[in-house]
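Labels for the chains are A, B, C and D, by order of writing; each one numbers its residues from 1.
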């Protein structure tokens, strides 16, 4: 049972990470900076609970703010470039953040123990959940509550004018400008929102794994972040969840019995899915028919 | 309404637009014609700010806008359509207009909620009106990419109108249309003018432009070679030379 | 042999710990002159600077505390620059087939202190068995063999039933069994434990010879 | 002594940068000229080198022959990648092709791990020798890599601007519909350009394997990142730019390592990249930013 709860926790955090990329992808920007924002969120949240003794929720809020502000600041220069250039610029950002934490020592004495991030050794003593008597179930429920809140907010945004404007920018920047849309403001806002969500993901991640280090936040993680919404489809937030279940649930856990072969299948299946469903697992048409199935039955 | 003074755009050595002076009075349909490559689209891109001006100035309703960024110009009273249609294909017809209507909301400093989230009743009414005007009322929930060509042209016009501009720039709106559709377009442009919007019309379709334009300017090699009423322009020898290649 | 120089994979905790916390400290205590260390990262490919540092240090002993990929890269660059310490020492992690697959020539004669090597007859037999199935029980993977053997010992002595309804019981028994374990039979024969359950093991020296790992010194003999 | 070390360090960095330049040329071709994002490029290149190494140890033969085999295998991989990741995905959907090549990247990496148990493989020296110039040492193999990069550039520029295939490639990437209208078979041209870049990739992979002395799955991610960086600093699509950028990145790495140590080295390299992106988004060879 604990195993499956643990899996749920992983899936929750990855869903948040995917959603953080989802917002940015809506504006047509491929950002591999999400792993960097997640790292910032993870370290900030963990330092606040461990070193400053803050309650978790306050720490998560601040972590999210710090990651969001960083995303905003990075957004201005980074969004001057497009397409592949942006991909590379954001790769550079994620690497800079990772290497910063690789060189970041900040330890204080706690009893006869040194606590805090210690460069390459990582940050080991994040014991908020066990110290406060949270069980795995509590943690899983808490994570998914946060996921549900973020999803609800994004789902609402998707149906609002803000969502339409984000997509409009993603579709055609020149036409969007010609409709009076301030591209920089829209893109930087999306980046900021994405950074804030990734920051929450990082804060949660730090607390359930209890040990974080720079090697958790690599380009590979950033690639997963964009993989979820792209594989799942950008027409709604549910695509991202579907992709997380597909990758973390089915490919990583469900196929475990295949042993070594699973990893081979992993890449191959991604290639296959993109060939069969280039707009993602849940593309606009699928969503429409699902809505017809579950929603109002017309005619 | 719009005044271009000494407007120039150079690409390296090429003078795409060269010291152009134009004055468009409010409530006019102003036609801009010229052979291919004469600088018409560049002029539109200069007015909307997609290209930076090399020198000269642009004044809209008495206010200089030469250095303003594109989105500010467009939300402050200019709207346009594109020669090669640029819709938001994966958005519905309704959403296309909803996005553009934001420009008006921004101009009138509507509160945050109705600007970004719900959409006030006024917006809804305006969008519906623009849809009805363009004959797209029954297509509101269709994806823009799924519309037929003529419908896409109409949607683009509706999107431009949704922002309630003072000046509307139409970049070859009749391209690819059949005579029947052009007839409907003719009516629509007149109605737009009659509703108080100034129109700058760029068009290759001479019949249309001669029929509806109040005033016409002719460009060749980036320079204005003639300006006047349709009849005056048609009679101008420089225009005949530009179009037919011979004098007389 | 008087002086010693290190080579460390900086972004891997074990590599760092082995050099900084163990080898470097002990070397100083034993009266060696520690000439410092060269540092690189897990997936580095260019070792020109590091090999030059090693050359400048001109130490008698060179210790490389890293994984096979960078160990080989560094050894190859040292060969290019003609850095030839009198004694080359490696880490258990490098005592695998991987190093020999990657750079047998350059790793020739490297000495590795390890407590994992199939030297007892039982372990030798296990290694032969593994070889039959295309596997290799080398110095590195032998640790896994040793761990499994410890578990086997506990399972047998505690009478684990492995039935669905004894699952919780079995777990507790194994935990208790491991806790009270005083000695185990490992690859090097009998291993004793300290009260805080640290293993007391002899270790032996192996070295690379003609593309194979050979036991250089076996304290059991 | 210090100054000599610094000079040697710069020299070593520039020389090692030749390997980045070589992989960067392929990347810039894929991204800049063909306008396609192929994240699997470096993985396939290393894969080509692996296959060549396996074949050459199996059938025997001189080490340089492995370069030719790697080029051939790399071309084949290029074709595979085109068929599996591009051929059947609409080009109007660049995110889908980006993702399919990411999937291909993971697949290629795993195939390498699977077939070699992740063990590093010794790669024979193709060109050896070290030149001694007074205090300084110059690695012969890296000079050879550099020469190969220049040669590859000349061949590619010839192919691109002097042959039908090159004209067709540029036409297809810039004006696909117009190209189709004048009778160019888009799929064939695309497949062929993937084969050509794949061949270059395999060749580069083998040369890099020989320069590093080893093949390992660990090469794949850093090479991909280096390739991307070189492409951007050199300017998308600029082959000479990629070469200069490769050498520059190699030098920057060694210099930063010399002054700031290995743990901080890459921070500065990435910052350098970031500065380039923001202040010179067109790359080294771009004329002043195109405004006016």
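The rule we apply is simple: contacts are C-beta pairs under 8 Å (C-beta built on N, C-alpha and C of every residue); 3 or more make two chains touch, one makes a residue touch a chain.
Predicted model, so just to flag it, every value in this text is computed and none were measured.
Centroid distances from chain D, each centroid being the mean of CA atoms, peak for B.
By count of C-beta pairs in contact, A-D exceeds the other of the chain pairs A-D and C-D.
Annotation: 30 Å between the Cα-based centres of chain A and chain D. Chain B and chain C have CA centres that are 76 Å apart. Here the spacing of chain C and chain D, counted between their Cα centres, is 36 Å. The distance from the centre of chain A to the centre of chain B, with each centre set as the mean of the Cα atoms, comes to 42 Å. Within chain C, contacts with two or more other chains are made by residues 10-11. Among the residues of chain A, those in touch with two or more other chains are 102, 120. Those residues of chain D in touch with two or more other chains are numbered 221, 263.
Chain B meets chain A in the complex at residues 48, 50, 69-72, 74-75, 79-80, 82, 86-91, 95-96, 98-100, 102-103, 106, 115-119, 143, 159, 163.
Partner chain D is touched in their complex by these residues of chain C: 10-11, 39-46, 48-49, 52, 68-69, 72-73, 76, 80-81, 97-98, 101-105.
Against chain A, in their complex, chain D makes its touches with residues 31, 37, 84-85, 88-90, 93-100, 102-111, 113-114, 221, 225, 228-229, 231-232, 236, 263-264, 266-267, 270-271, 273-274, 277-278, 281. Those residues of chain A that touch chain D in the shared complex are 25, 30, 77-78, 80-81, 83-85, 87-89, 91-93, 95-96, 99-100, 102-103, 119-120, 219-220, 223, 226-227, 230-231, 234, 260, 263-264, 266-271, 273-275, 278-279. By the touch rule above, chain A contacts chain B in their complex via residues 156, 160-162, 164-165, 167-168, 171-172, 174-183, 235, 284.
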